[in-house]
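Dumping the structure here so I can ask a few things about it.
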Amino acid sequence: MNFASDNTAGVAPDIMTALAKANEGFVLGYGNDAWTRRAEQRIAEVFNRDVASFLVTTGTACNSLAIANFTPPWGAVLCHENAHIVTDECGAPEFFGNGIKLVGLPGDNGKIAAGVLKAALEKPQWGAPHHVVPSVLSLSQASEAGTIYRPAEIRELAVIAHAHGLAVNMDGARLANALARMNAPADEATWKAGVDVLSFGATKGGAMAAEAIVFFDKERAAGFDRRRKRGGHLLSKHRFVAVQMEAYLTDDLWLRVARHANAMADRLSDKLSAAGIAPVWPVEANEVFALISRATCDILKAKGAAFYERLPDNLPASAAVKPDSVLVRMVTSFATTTAEVDAFVAIASAR
Amino acid sequence: MNFASDNTAGVAPDIMTALAKANEGFVLGYGNDAWTRRAEQRIAEVFNRDVASFLVTTGTACNSLAIANFTPPWGAVLCHENAHIVTDECGAPEFFGNGIKLVGLPGDNGKIAAGVLKAALEKPQWGAPHHVVPSVLSLSQASEAGTIYRPAEIRELAVIAHAHGLAVNMDGARLANALARMNAPADEATWKAGVDVLSFGATKGGAMAAEAIVFFDKERAAGFDRRRKRGGHLLSKHRFVAVQMEAYLTDDLWLRVARHANAMADRLSDKLSAAGIAPVWPVEANEVFALISRATCDILKAKGAAFYERLPDNLPASAAVKPDSVLVRMVTSFATTTAEVDAFVAIASAR
Amino acid sequence: MNFASDNTAGVAPDIMTALAKANEGFVLGYGNDAWTRRAEQRIAEVFNRDVASFLVTTGTACNSLAIANFTPPWGAVLCHENAHIVTDECGAPEFFGNGIKLVGLPGDNGKIAAGVLKAALEKPQWGAPHHVVPSVLSLSQASEAGTIYRPAEIRELAVIAHAHGLAVNMDGARLANALARMNAPADEATWKAGVDVLSFGATKGGAMAAEAIVFFDKERAAGFDRRRKRGGHLLSKHRFVAVQMEAYLTDDLWLRVARHANAMADRLSDKLSAAGIAPVWPVEANEVFALISRATCDILKAKGAAFYERLPDNLPASAAVKPDSVLVRMVTSFATTTAEVDAFVAIASAR
Amino acid sequence: MNFASDNTAGVAPDIMTALAKANEGFVLGYGNDAWTRRAEQRIAEVFNRDVASFLVTTGTACNSLAIANFTPPWGAVLCHENAHIVTDECGAPEFFGNGIKLVGLPGDNGKIAAGVLKAALEKPQWGAPHHVVPSVLSLSQASEAGTIYRPAEIRELAVIAHAHGLAVNMDGARLANALARMNAPADEATWKAGVDVLSFGATKGGAMAAEAIVFFDKERAAGFDRRRKRGGHLLSKHRFVAVQMEAYLTDDLWLRVARHANAMADRLSDKLSAAGIAPVWPVEANEVFALISRATCDILKAKGAAFYERLPDNLPASAAVKPDSVLVRMVTSFATTTAEVDAFVAIASAR
């Protein structure tokens, strides 16, 4: 019953097999190899565009490098106030951006509303040399609340951002889950909706450690190979990160994994709801957030369930918070089984 | 006949097996797992000391993070002028160190002599606020010339460095090769000789992507977990980097691999010498540097040999440079075979 | 009728005279001169302590350098959400701090309440390597709302900060106004109340360009001379910044100027109140904030009054905001005259 | 007898008078004033071009900000190995450039020869992502050896630099001395010769603290106002830095001062030569470098002469170094008198 994170699962079997298979013979390092070419080709196919892509091993590197590419050091990154880049990356974007400022915007369901973005950008304060320059809008797909942006929402936000000179970054650590949920083509939900650069995660979807920075306009990737290198993020035995991405994008593995994880989240959510424990935010990807009692929380842990408590920030007004309520997050993955879900719910609903 | 680098080899079989074996069940991310504990334990055992160690996936990250920990932004890092951190990391140390300065010192055989270090540190220029502060001495083991520092040499340099307030970093991307050659215990050639922080590489020795920053004084590692995280170098599925290091240090795999690579380098060097192509620097690790004619170089490449040409900087006075001489570097690894060596030499000596 | 800022006034006559007088003979540069020694001595006397002080020419440099000295790059600076360092320094603290994060706290009257600070520091999020480390509490004295912290308030905040390992910085761009208002000794309102490092401004008080970073614990200033130099903030003809500070602190000029400016603010506030335009925040230093109608605002400007409009953020609940209300800020200085104040009020109250 | 530096002199009388005169009335801060407009206008006139210029108070800030504008963080700045930016700015260029690398080139007489620059840029090492990108050529005018680059020399270097994609920075802390010596128009020796951005110093020429970054292509100054601000280098009472530059460039004060300083250096050089103490480098600006005996050095100091000893690096082969030789630097300024020069020489030649 491990719902702590989608990174507590191991490596999807197909990816592990591919890794082992790639281990033959001598291959030039640093991306000068056939696996890298194929991974890049797969990414281009998936997004239906001639993109520039760069592989790294962590989501934090992916986000920070991507963002730094689109902002001067005196730039501001507008994002949801609970975004991973704000709360969980120990200042990595600020480090890679040489002191950029992250400006957190409020928003229901973990998402930024168009009106909020517009108001923020139209504040009179941005003009003078005393003020940082809004340079990037970063959207988390799925959001930290487990919700997703539809293409039309992305487009509306991107139009506002572009009109004010900002580039649009998507933190797509769980993009696959969002696409699987919407049954939307990858292009429709990214560059066709206005995304300029994508942090495309494979790790949470079953890779060992593989993420891609995807530039939808290749010309804007100038210099990025050195940016990655000096961040220490260019692997020498690069084929082994490339083959992960290749396998992830082969035979729709990425979407199959995402659909399974989403289905497990739905099952968990549905069964908890039936037991009177409704999710606090819509379950749109592979995360379920719920308020449970401290006693239930304790017993679940005692019986071996793993999950994280979260700060009850930004709960919707409808959330039924009681004095002993605990906000918990359950994440599903390719490795989650119906048995685990059912066992978890059985314990939770016994209370 | 691939001698381009020790990173063109794949993953040593034992390490690949260990990776596959580690892929079972749910495990907490970010290093909170048994593999990480065991890898740390192995490192402590190998170095015979209660150290603090941190795993990352690239040597550049390893060096840059380690060095940044020991220097203020206005610090200088003294190192050989051909050191990897100076020439091949695209300014990563400067980036992680927030604008530190790398001061390259000259030196025969890729090594810094005690007198050179002393003279550099006793230059009167260092005192005032206008000048950077020498803060770190970085030694490459093995050096970029394929030579190694003996414990007594390290000790002599470290005593000078410490007397001037510098910490001693060792770039140990090929430490195993150096230890295997000297048949020296790891402690004698590191902390007992005065090394404060080690970049301990496993990748060139057969790992997929695993390097450790090893602090011999645990207290000096304060804050380092965040330094690594904000560099984007804390892996989420951390067990998979840890298990590589664990396997590398199990049953002396690391030393066995190094011995084999060294032996292949010796064989290559001996046979080339016999054919009149003497190495320009002593072959003390797994690298052979030699001057060959352009014609020989071309024919080797035409017949499928892979190796890199290097700038003929800092050649010893004894080197017999001819107008058409090319300086080439051949690197051996766990995967190098005697057949490859012999085939290479056969072609080279046919000219 | 210039109330735009206290930096629109020129140089106080005594300071200009001192500058001219210092212009004789040859003097070593970079602070190795008698004026610098005397300025340092005056600062020590004023604060009744053997401090380490460093002169620079801008408040932004002063704050940014001071803060950077007390936080690792992965540190967080807690401050009021409207603090100058957050809103008006174009990311300078983030730049000098190598990507630190500024965390803005809400608070009435431009001030941080002890409970708010405590709650922020006791949030469970700070522990892991994923999160930045609260490292500095920065207090603006006077605040951006023109209010001041009393010694007891500072002490309460400092105790909390110190208990959590934070250093306390005071942005004292208008410290003189605060001290003059409270009639408090400088030591009582700074280090005796727990301030570790002070940005001590003279520019707004009549200097041409002179600010001092004052370390109350000299040992914590180690390396700061180089930090200043590499920021480009060590003047070569240093005597001319030093003599400004010396003159500023001679014969209580700094307090006399502050008392005058405060008195002018009081007069302005009192007369506006009498005319039905009550200040929105208590007038405790040399700034008056008031809501006036757009029509009054326009006519004031048309008649030559200079002042800035401000975003109506964080207005107190008691503020009588009307649809056409404009929040304006009036700042007084050594150069403000009663005639100007009265003329301004006459126009404002005519509406 | 103060020859320690041209910054040991005070402020030229005309500039001090102008400062006092500017001290009237209220003036908007941060450069929104008539003095700033006039200073910018004067700079444009002097350089005979519609430039973008920005004032700061130190040469280190001037150089560092200018250079940072023209290089990505992974860029290299090529300059003479004894350039001020390399040796005397405590890593400021590296700090402002977010970890750029300064590559010192050797060269006689403190200057870079075209062949040396060309060879450096044509080294094969610059291509791959592992290597920094040469981005700026920085020329010191006058050089650290007191010599100057003629327009033709600058042009030759700039053509090479531009052909390799580098921008050309001129550190013109003593540009006035160089122009006065050559009797060359400012445009001929800067942008017409290929300089892209100039650090234009007034401080050494008699200002209190005033330097200008001058962009000869205005479009390349985009964002620079924020770069300056976040470095803490935008003065609030900006008129007082502007008026210095205005006065400096009025009625040819800058050239008159430079001519005087140069003449004093010539006198010193000529008289020392006559006494058998020939300068080691051509005296082309306001600096004289000579080898004197330790005994002479001591007696000069004992009798009140002020000057600095320098490391005897890069002495020309012709220099007659004796065991007790000391390399000393004498700098003249607007305030140097013939009497001081003669007194100095009298003592020096008595030995």
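Think of it as A, B, C and D in the order they're written, each chain with its own count starting at 1.
We adopt the following convention: a contact is a pair of C-beta atoms (placed from the backbone, for glycine too) under 8 Å apart; a residue touches a chain by one contact, two chains touch by 3 or more.
Note that the structure is a prediction, hence the values are computed from the model and not measured.
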Chain located farthest away, centre of subunit C as origin (C-alpha): B
Result of counting contacting C-beta pairs for A-B and A-D, higher pair: A-B
Between subunit D and subunit A, distance of the C-alpha-averaged centres to the nearest whole Å: 50
Separation of mean Cα positions, subunit C and subunit A [Å, integer]: 41
Centroid spacing, where centroids are CA-atom means, of subunit A and subunit B in whole angstrom: 35
Residue list for subunit A, restricted to those that touch at least two other chains: 73-74, 89-91, 95-96, 98-99, 129-130, 132, 226, 229-230, 234
Topology of the chain contact graph, where touching chains are joined (line, ring, star, complete, other): complete
Of subunit C, residues touching subunit A in the complex: 73-74, 87-91, 94-102, 123-125, 129-132, 311
Sites on subunit A touched by subunit D in the complex: 30, 72-74, 98-99, 128-130, 132-133, 223, 225-230, 234
Residue ranges of subunit B in contact with subunit A within the complex: 2, 4-5, 7-11, 16, 19-20, 22-29, 56-62, 64-65, 89-92, 95-96, 203-204, 208-209, 226, 229-237, 239-241, 306, 335
